Every structure is written in structure tokens, then in C-alpha cells.
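This report refers to the structure that appears directly beneath it.
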Amino acid sequence: GDTLNYRLKWLFNTSVAGDIIADTGGFFKKAGLDVSVNEGGAGKNAIKELELGYANFGVASADQVIRALEKGADVVVLAQLFQVNPMQWIYRSDQPEIRELSDLKGRHIGVTFGGNDETIMNTLLAKAGFTSKDVRISSVRFDFTPFLKKEVDVWPVYRNSQGVILEERLAAEGEQVKFFNPADYGVAFVANSVVTSGTMLKKHPETVKAFMTALLSAWEFAVDPANEPQVLAQIKKKDKGTKNNIRQKQLKATRPLIKPDKGTKIGIIDVGAWQQTERIMIQEKQIVAPVDVTSRLVGPKK
Amino acid sequence: MLFRRIYQFLIVYCLGVTGLLAIKYATGLSNYVIPDLTLLFDTARRMLTGYFFDVLNTLSVTVLGQMVSIFMAFFVGIIGRKSSWLGSFIKVMAYNIQAYPIVALAPIIFILMGDGFLSRLLIASMICYFPLLLSVLGIMASPIKDIEHFYIATGRMRWQLEVKIRAFENLNKLTTVIAGSATLAMAGTIVAEFIAADQGVGYSIRIALYQSDLARILVALFSIGIIISVYQGILETVGEQIKTKWFAPKGGELL
Amino acid sequence: MLFRRIYQFLIVYCLGVTGLLAIKYATGLSNYVIPDLTLLFDTARRMLTGYFFDVLNTLSVTVLGQMVSIFMAFFVGIIGRKSSWLGSFIKVMAYNIQAYPIVALAPIIFILMGDGFLSRLLIASMICYFPLLLSVLGIMASPIKDIEHFYIATGRMRWQLEVKIRAFENLNKLTTVIAGSATLAMAGTIVAEFIAADQGVGYSIRIALYQSDLARILVALFSIGIIISVYQGILETVGEQIKTKWFAPKGGELL
Amino acid sequence: MRFECRDLTFTYPEADNPVLENLTFSMAAPGFNAVFGPSGVGKTSFARILAGGNSGPGGNALIYEGIATILYSYNQERLPGWANTGRHLEKVCPQKNSDLKKELVKIFKVEAFLGSRFSQLSMGQQNRMNLIRYLIQDFDLLILDESLANVDEALRETIILAIKEIFPAKLFLYISHNLMEVARFCKDILVLSRPGKNKGAVVVPGQNYETGYTADPQAIDRSMLEIMNAV
Amino acid sequence: MRFECRDLTFTYPEADNPVLENLTFSMAAPGFNAVFGPSGVGKTSFARILAGGNSGPGGNALIYEGIATILYSYNQERLPGWANTGRHLEKVCPQKNSDLKKELVKIFKVEAFLGSRFSQLSMGQQNRMNLIRYLIQDFDLLILDESLANVDEALRETIILAIKEIFPAKLFLYISHNLMEVARFCKDILVLSRPGKNKGAVVVPGQNYETGYTADPQAIDRSMLEIMNAV
């Protein structure tokens, strides 16, 4: 039949291991599906592509989904890939450790203005009762030179991709790092999820089901430590630039984000976290009115 | 002139928005992909003033960046006009640096200069200077024999004079390019802000893009368009005055 | 000519790298901020071949994009050369579209047109055409009375002839600008790839940039520089031949 | 066919004084007539105002009777450089005038460099090539503003006589600094003198010699004297 | 002071035949000499080769004795447009020649338009303005390639006589199509005729009249005849 387009949120790298395996490992093919798995990136937006018909499935972060719903987009959430948001902050070990939110006081923190890390950090600061005078916030871009040059102390990263790269790169110069995870302080802002359009779900429920089954079993395969050599070999084909040892460590860091413990079913939707995410976005004035995101969560829920 | 520029811009802008709306309603897209007029006006009401000042902020860098560009273009153009080894070397250097997309050079610039005002200025100038350079090179490399002969023959030719003669004879072309380069400097500044700074309209666009908010981008483009039209209109008026007053051209040509 | 371009590029490149290394050792920056030579060579060994083919991929779009740009620039330049309302309108349109930084327009383009070859080509052309346009406009708007008078007086003047006369009299300037615009088209293509495509060296740079891997960026810049030098050397050689053969210029001037 | 000028005044935008002031005269056409006067008196200005017709700066001060098409040629014109001069000549030659073109090419002695680009010609060659392309057009009045200034005298005489012979029904206004030539070959000579001198414009008859003429030195001298007195 | 030319041959790169072939003559300097010949014979080419000196295309075929500085002026030169002609004249006038400049400005009748831009001048005015700036330079040989072609005859005579009077120690090469003028005012006239005719170059003596001369019509006629025979 027709090729199904699956638009990822980010570039091919280890943090999309399951998506790569679903394709190259033949999971889609076995399910009788012809799927083209397409790389994402800063200029890509899966939800818009769903509407324009360029994509049938996609990966989007929760804040994207909520924003799209506010503007009337017809999007539904099929699965929540990350149980733990990989959006964390890195800092050098020679700096005072951040044990509680009050330890953020006086730090020079990077945030991507307009990005979800801004929303998350603002929530954390509000929780700690800080005003903008208590910390120094700097605008962050895609490259982490200011962190490397020690101009900014606490830097936002995706724990399992840039987090690993930075950790390695600093280790090569004899520096150790720590990570600051918002989830440890009660902020569970949902990250990447698999989405499709409501129309797709209504018109082709079988296809959607087959797709999700194949995709999630590919993810199961990808995060199973027993399959590590095979999985790494598949990723390498798509992500040539990264060194082998980095890729291995990235995979290791990805597993607990996708499958925090043995019992967790991959893709399970954490409704409470979604509700919190919507609340946070209202509080932070990212949206004006509630969008009732729970009604759009159609996949298996916790 | 100025007035004409502005309403012509409004026509262009309205054409663009109408085109987008046509696509929206023809294919039934939601406000998330293409905003409707209500959303657009609402966004404009909320953001326009802010964006307006952002553009003015950008414009301040633009004006300086354009001056730096003009200076650099003339500098390189004048040195590079000769077909000597040095001339050709300077040209290769200027061309090569240009061939590197600024997005690739930006990290190096940030490493060297931080991400403050200077980086913005440098990137804006680098984007703007090259097109100027091409024109200046073309003009500076074409001798005007019937004027230059006397000065060469009597040993009076200096590079300043040569440059002056060729610039003057091509004043029309130069003013066209310089006035036109205003938009290049503006675009350059916005690109710089987009990749680096935390001020200016380029930065605002970056945020809007992060959130895939087309309405805000359209409002930002509107403020950019209005202000660039005014700026360019002023430049052109000044250019005309310089041409007619200062250089007192062939007034009242009968042919 | 070609050979000279290449070794001049090598000098420029080495100067750049030496400068970076000087800063590295002067301020004691670690390898992760500025790579040392070992890391640079190691990266080159791993990536150079791949980047080389990426640049060739980019070049294929560049060449096409340049042609489209030249066509667009002449099209708009010829229509916009008149100071009539339409001419001025077309000019405002061309200028305004230019003033919008492509980084702001690109996402709209990529969303509406998909992320294939066409988007890349369109963006590359949009970046490259404007500087060309400025030159073409300047040239096309300057009458050459001593040649044009006869054709106007005898009612023979057509726009094609007018364009031909002005282009021919400014052949030097035009070839300079067209050859120079090669690097603009290249930069434009890379920016397009950087923003959204999934092929070409711009895409590779984006990946390197997301990992702040300066060594890879430097290697990519090296491949870009070599190939653009060759491409431009070829363009210039062809340009020279066109000028000397086809147009049989004022051979053997005594003054 | 007649040409008249009534109270023509013209001042350049930035000038203090008019170049032409209350210029009034009339001239019968056809014929090979001249405009004569010292350097800077306003011959070129006058000629270009004429060429502008009633819609130009001359406006209603110019009265043309039976003169519809006016062409103005001058000695600094150039032909485009992309083809040789022969090709350009062909291109601008109306079908019906191709024999005329051939004839003129011979008389003007330009055959040898039809294959050259315009920029490769000597000044006199450029003058001739330019004039030929005007002569093969349709016109009622052709102004030659020093159009032959850089051609040698012998050839200039040949050319003038040929023009008079071939185009007996057309009006020419020949601008030249060669007094003798003007006195010999022109019919009516409009002599301009500086405004302010308030002499106005005088039309002096020339000897109007045709091919095969026998020169009458005294008559020529008389004409020359009359012209010089009018300046 | 002497000037000689031995076997000068020159062919334009793309041409089939040489413009100058085995040109051999010598000329005593100083004096107001001329180069004469029909249009296209090679006067301009010859003049420009001379101006190139021994390092130009003429090379060793040119022998200059006591002639160090050669200037070449022609009638299509322009002055830059950013200042009025008076300012330009001042700018290029060596300190010591400022009186000379004033004198020439008067004789050339250019006072009235020192305040105008070059492009606003009539052709003859442009010719004069251009020539003045050459005359106030230091030179041994000045070539005037139709430099006065667009000036009226009366003024041209005044100018030539003044030049002869003011610069008795310099060599001039005057190129003009006015046979009478050349015969009257020039000392030695190099007459060029087409190569191939194999006549070579002939130097004919002219009447070399000075200020206050009384014309001898028969002598002039004789010179003119001699020149025409040499062509």
C-alpha cells in the first residue's frame, strides 16, 4: 500500500534508537507496513506535517501538543516515549552540588528562551520562591561554547544525547560533571510522544494499531541490554559522525528514561504528568486557557 | 517616495498574507499551521509594540553594520581591484570567507568574541559586505580612459584619485547598491540575532519559531517590513539629494 | 589561475587555523573549545571523504541555484529598472522579500513545500539573487546615451536591445558579479541545508554544531573552501574566455 | 516644406543667462542648409531643441511645415560593440533602402572596415559609419552636428556632394566649424551669434555647389565675409 | 633637440595588414609641427605609439634627442565631474605655471565657464579646457590629436599663434584635418599615406606663420599642393 511517513522530532541519534530499529530492524515490515522514518530537527514540526499530509505519524513534545491543541489542531497522543524527561541541566562537579532547589541561588543558569527548558526552569524557580534577582539566567543556543568556556555554570542538555557527549568531552580533560534533573524536584514535564491526527485514528484504526505495536516492540528490542551490539550497529548506520563509545554510553543513558524499571510498559502515558504539564503551561502563560489535553491521550495510560 | 515605499510594502505584505489565507481555507488548515485573521490581529495587538521596538534595536545594529560593510567593501574592493598577486589574494580571501555560510562561522565568532553586540555587528557586516564588494570590485576594476589618461600621462595618478574617478562615474550604480544593501544589512543583523543574540527582532523570531507560532512571525515580518521601507526610503531620498545637490550633475540634458 | 586560487585558499585556511591555535594556546583553552592539531587531523581522517561528497552534493544545488538566481536577478532587474510605478513596485517587492531574513522564511517554505530538493533550491536562489539584482538594477538603470540615441530617435528601441546595450557596455562588472555570486549561491545552499535539509554539507555542519564539535566544522570548512575555489576558478576562466573570444573586445588598445 | 522659428528662448536649468534668446528666422526646405557660429554659441543646444520637436523644450516656438520626422546625429555617437559595423548597418537598414546603403558604403569609403568593431575604427571612420546609418532611415530633416568633424576634407566634400545629389528632397542642417566648406556647399546658413549681442539670427545664402561645380573664389569669399559679419 | 623614426612598423593584434609600415623620417625640434593624412591612415595610432616612448610598442624604432617628457592629448578626453573646470585646472597646475595658466585662460576664452562642470560645456569649450591643462604641464613634446577639432576657426588660429609664441622651445605635433591651417601655421608637416601605396612618409615644410603674419596666398597654395601630392 502507500508509504506511511513518520516524522521524528530530532536528528537520527541514539535517543531515537527504537525508531531506527523499527525501520532497519524490519519491525514495520514484519507488521506489513511500509514506513519511511524521517529525521526531525529545529525546522521540522511533526504536528504541522500531520495536518498538511506530509506525515502520518510523528514525534512531538508535550508542550508542542498542548500549543497545537490550543490553536485547534487535530492531534492525538498514541504513546509517551520518555517516562523521564531527558531535558536536564549539566554542571561541573567542582561546583557546589545542587541538592535542593535553593542551591540554585546565585547560579548562572542557561535556558533556551522559548524552549520547554525555559518553562521548566521558571516552574522550578517559582517553586523555590526565587525572583529573577536570585539567579542569573542566560540565553542558550544550540552550541555549548559558553558552558565549555565556563561562562555559564548550569547548562540545559538532553541527558542522553548532549549530556553524554559533554560528559565525555570534559572527562577527556579530567573534569567531572553532575546532572540536575527537574523530575527529582517534582516537576514532571512530559517530553517526546508519538502522535497522529484524529482523522487518521478514526479512518485507519487498524493501521494505527499495527504501527504502534511494531514501533513499541522495536523500542523494547532497542532498550534490551542483550541486543546492545545489534542496536548500536543499526544506529551507527544512521549516525555516522558519533564515536562508538559515545553511542554506547548514550544508549545506556537512554534506557532508564524510556523504561525506568522492568515493569514499565514502554509508551505508557502518564496522565498525571500530562495534567501537570498543562497546568504549568497555563501558569507560565504559555497558553491562555485549558485545552483538556487528557481527552487527546488515546494510547494506553498509567 | 517614502510614502510610496510604505504603501507598496503594505500591498506586498497583504498579498503574502492573502496567499497564505487562501492556502489555509482551500485545504482547511488549523490555526496552528496558518493563523486566521482574528488570531493574527490578536497577536498583533499583543506583540506589535514590542516587536516594533525590537526592530528599532535591530536597526541600530543594521545602520552601523551597513557602514562597516560599506567601508570593508571599499577597502577590499580597492585593494582587490588590481590583478596583481596581492590583489588576487585579497580577493580569494574575501571570497572564501564569504563562501563559508555564516551559520558555520558563527560558533568560531562566538568563541572569539562572545555573544554580545560585537558579534552581532560582525555577522551583520559579513553578510552585507560581500554583495557590496562584488559591485565595488566590478566598478573599481574598469578603467575610465578618457578621464584617467591625463592623470596617468602627467604622473598624477594616485589610487585615491583613481577610486574617486571610477566611483564618481558610477555614482548611479553605487547609490543603487548602497541603498539596496540596507536590506542586506537588516537581514544580516536578524540572522545574527537569530543564531546568537538575546536582543533584537531576530531573537524574537527565534522564540516564535521555537514555538512554531506563525502568527507571531508574520507580525514580526510586518514590523520589519515597515521599518525597512522607511529606512530605505530615507536612504534613497538622501542618495538622490547627494546626487543632485553635491555632485551637480548634467543638469538639463537635451538628449 | 585555477591553481593559484587553490593555493591561495590553502594560505587563507592555514592562516585561520593558525590564528585559532594561537588563541587556544595563548589563553589556555581546552581541546573541547578549540581542538589541537592532533584532534584536527584525526577528525579529518575520519570525516574528510564524507564531507567531500557532501560538498559535491551541495554544489549540484549551488550550480542550479546560481542559474535560477541569475535568471531572477535579470528578470526583476529588467522590469524594475524603470522608475515607473510598476518598476518601483517590483523593486519594493524584491527588496522586501530580501529584507526578511531567510531564517525566518525558511521554516514557512519548508513546511509548505516539504523538505525536498525544491526547498533547498528556492532558499539558495533567494539568498543569491539579491546581490545580483542590485548590480543588475544599477547597470540596467543607467542609460548609455551615445549608443542608445540612434535607436530611440529612429523608434527602434526595444527593451531587449536596451538591456543588451547596457549589459554589453558593463560586461566586466557583470562577469565579476556573476562569478562572485557563485560563493553566494554556495553559502545560500548551505544555509538552506543547515535549516532543514537532510543532505549536503550544511546538514553535516548542523550535526557538528549541535555537538559543538569545532574540529568537524573546521574540516567541513576545508572541503567547502577547496571545492568552491575550484568551481570559481573554472567560472572565471570561462568568463575570461567568453569576454575575449565571443565579444572580441577592443584588441590592442594603444592608450 | 518650410521651417520656422519664432521667438525661441532657452535657458539651461542652472544657468544665469539664456543660450538662445528670441531666436527668430525661417528657412525654406528642402536643401542642404547649415548652422554656423563660434564655439559655445549654442548650435548643439539649438539642434537638440529642434530634434525634440514641438513636444520638446522648444514647444510652439518651432513651426514645421511638411517636416514630420526629424533625426539628430552627432560626432560622438557609438555603435554597440557586440557585432561588426557591417552587421549593425544591415540590422538597421529598412528593406527598401538596401541599395541606398550599398551606394553610401561605397561613397563613404567604409567597405574596408565593415568587418571591424566600432571601437576599432579611427575617429573619421566612426563618423562616417554613424552617418550612414542615419541616412538610410526615413526622415524629413536630418541634423548633422559636427557629424563629419573628424573626416578629412577631401572625403567630406565627396560625401556632402553625394548627399545633396541623392537626397534632393530632404532638409539637412549641417553644423561645422569649417567656414569655407559651409560657404561653398550650403544653401542657407543660419548664423548664430552670442545672445546679448542682440544681433539675433541671420540667414546667409551660401554658394550651394553641386557635383561637378566650378568654384568661383570671389563668390565664395563674399559668402564667407557675409557669414563672418553675421557672427 | 631632434626626433627620428626608423623603420617603424605596427600592426593591430587582430588586423591583417599593418597600419604603419617601415615609417622612416626625422624632424628637427623645437617647432609647431603637424601630422597630416586622410581619415584612417594611422595618425592616431602613430601618435599613441610615439607617446608610449621607447618602452611602448614603438620600441627602438623611435629616437628622441633632447625629448624626455611626451604628452598626448586628444579631443575626446573628459575632466572629472565632481568639481567645476576652474577647480580642476587649479589642481593640476604646477605652482610655477600659475601665471601661464591665467594667460592661457584669457587667450583660450574660457573664463566664462571656469565655474561650470565639464559635462555642461560645448564641445569646443571642452576641447579648449582640456588643452589648457596639458599646456601648463612640463613637457618637451606635446601631441594634439584633433585636440582643437571642435573649436571655431578664428579662435583656433588665435590659440595656435599664442602657443607658438608662448612655447618657442617645445615640440608640438598637431593633428588636424584642416589643410589650410596646417599649411599656414606648421613648420614641418609629416604627411602619412596609406601603407601599401609604398610612398612612405614625407615631411613637407609649411609656412610656419607667427603672430602678426601677412598671408602669402600663393605660398600657402604651394604648401597645400605639396601636402596633397604627398598624401
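Order as written gives the chain letters A, B, C, D and E; numbering starts at 1 within each chain.
Everything that follows uses one rule, which is that contacts are C-beta pairs under 8 Å (C-beta built on N, C-alpha and C of every residue); 3 or more make two chains touch, one makes a residue touch a chain.
By chain, UniProt protein names: B, C = ABC transporter permease subunit; D, E = ATP-binding cassette domain-containing protein.
As the structure is a computational prediction, the values presented were derived from the model and not from experiment.
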Of every pair of chains, which is linked by the largest number of C-beta contacts?
B-C
Maximum centroid distance from chain D, chain identifier (CA atoms)
A
Quick one: report the Å distance separating chain A from chain C, using the average Cα coordinate of each chain.
37
Separation of chain A from chain E, taking each centre as the mean of its C-alpha atoms, in whole Å:
86
Mean-CA-position distance for chain D and chain B (Å)
50
Rounded to a whole Å, what is the gap between the Cα centroids of chain D and chain E?
27
Going through chain A residue by residue, note those that touch at least 2 other chains and give them in order.
42, 45, 48, 52, 143, 145, 149
Out of chain B, which residues touch more than one other chain, so two or more?
33, 107, 111, 149, 195, 209, 248, 251, 255
The positions of chain D in contact with two or more other chains are 12, 14, 45, 72, 76, 120
Chains touch one another in the pairs A-B, A-C, B-C, B-D, B-E, C-D, C-E, D-E
Chain D partner, complex, touching residues on chain B are 248, 251-252, 254-255
The residues of chain B that touch chain E in their complex are 146-147, 149-150, 153-154, 156, 164-165, 168-169, 247-251
Counting only contacts in the complex, chain D reaches chain B at residues 12-14, 45, 48-49, 52, 56-57, 72
For chain C, which residues are in contact with chain B within the complex?
4-5, 8-9, 11-13, 20, 23, 33-34, 88-89, 92-93, 95-104, 107-108, 111-112, 130-131, 133-135, 137-139, 141-142, 145, 149, 170, 172-174, 176-177, 180-181, 183-184, 186-188, 190-191, 194, 202, 205, 209, 212, 214, 217, 220-221, 224-225, 228-229, 232, 253, 255
Given the complex, residues on chain D that touch chain C span 51, 71-74, 76-82, 92, 117, 119-120, 130, 133-134, 137
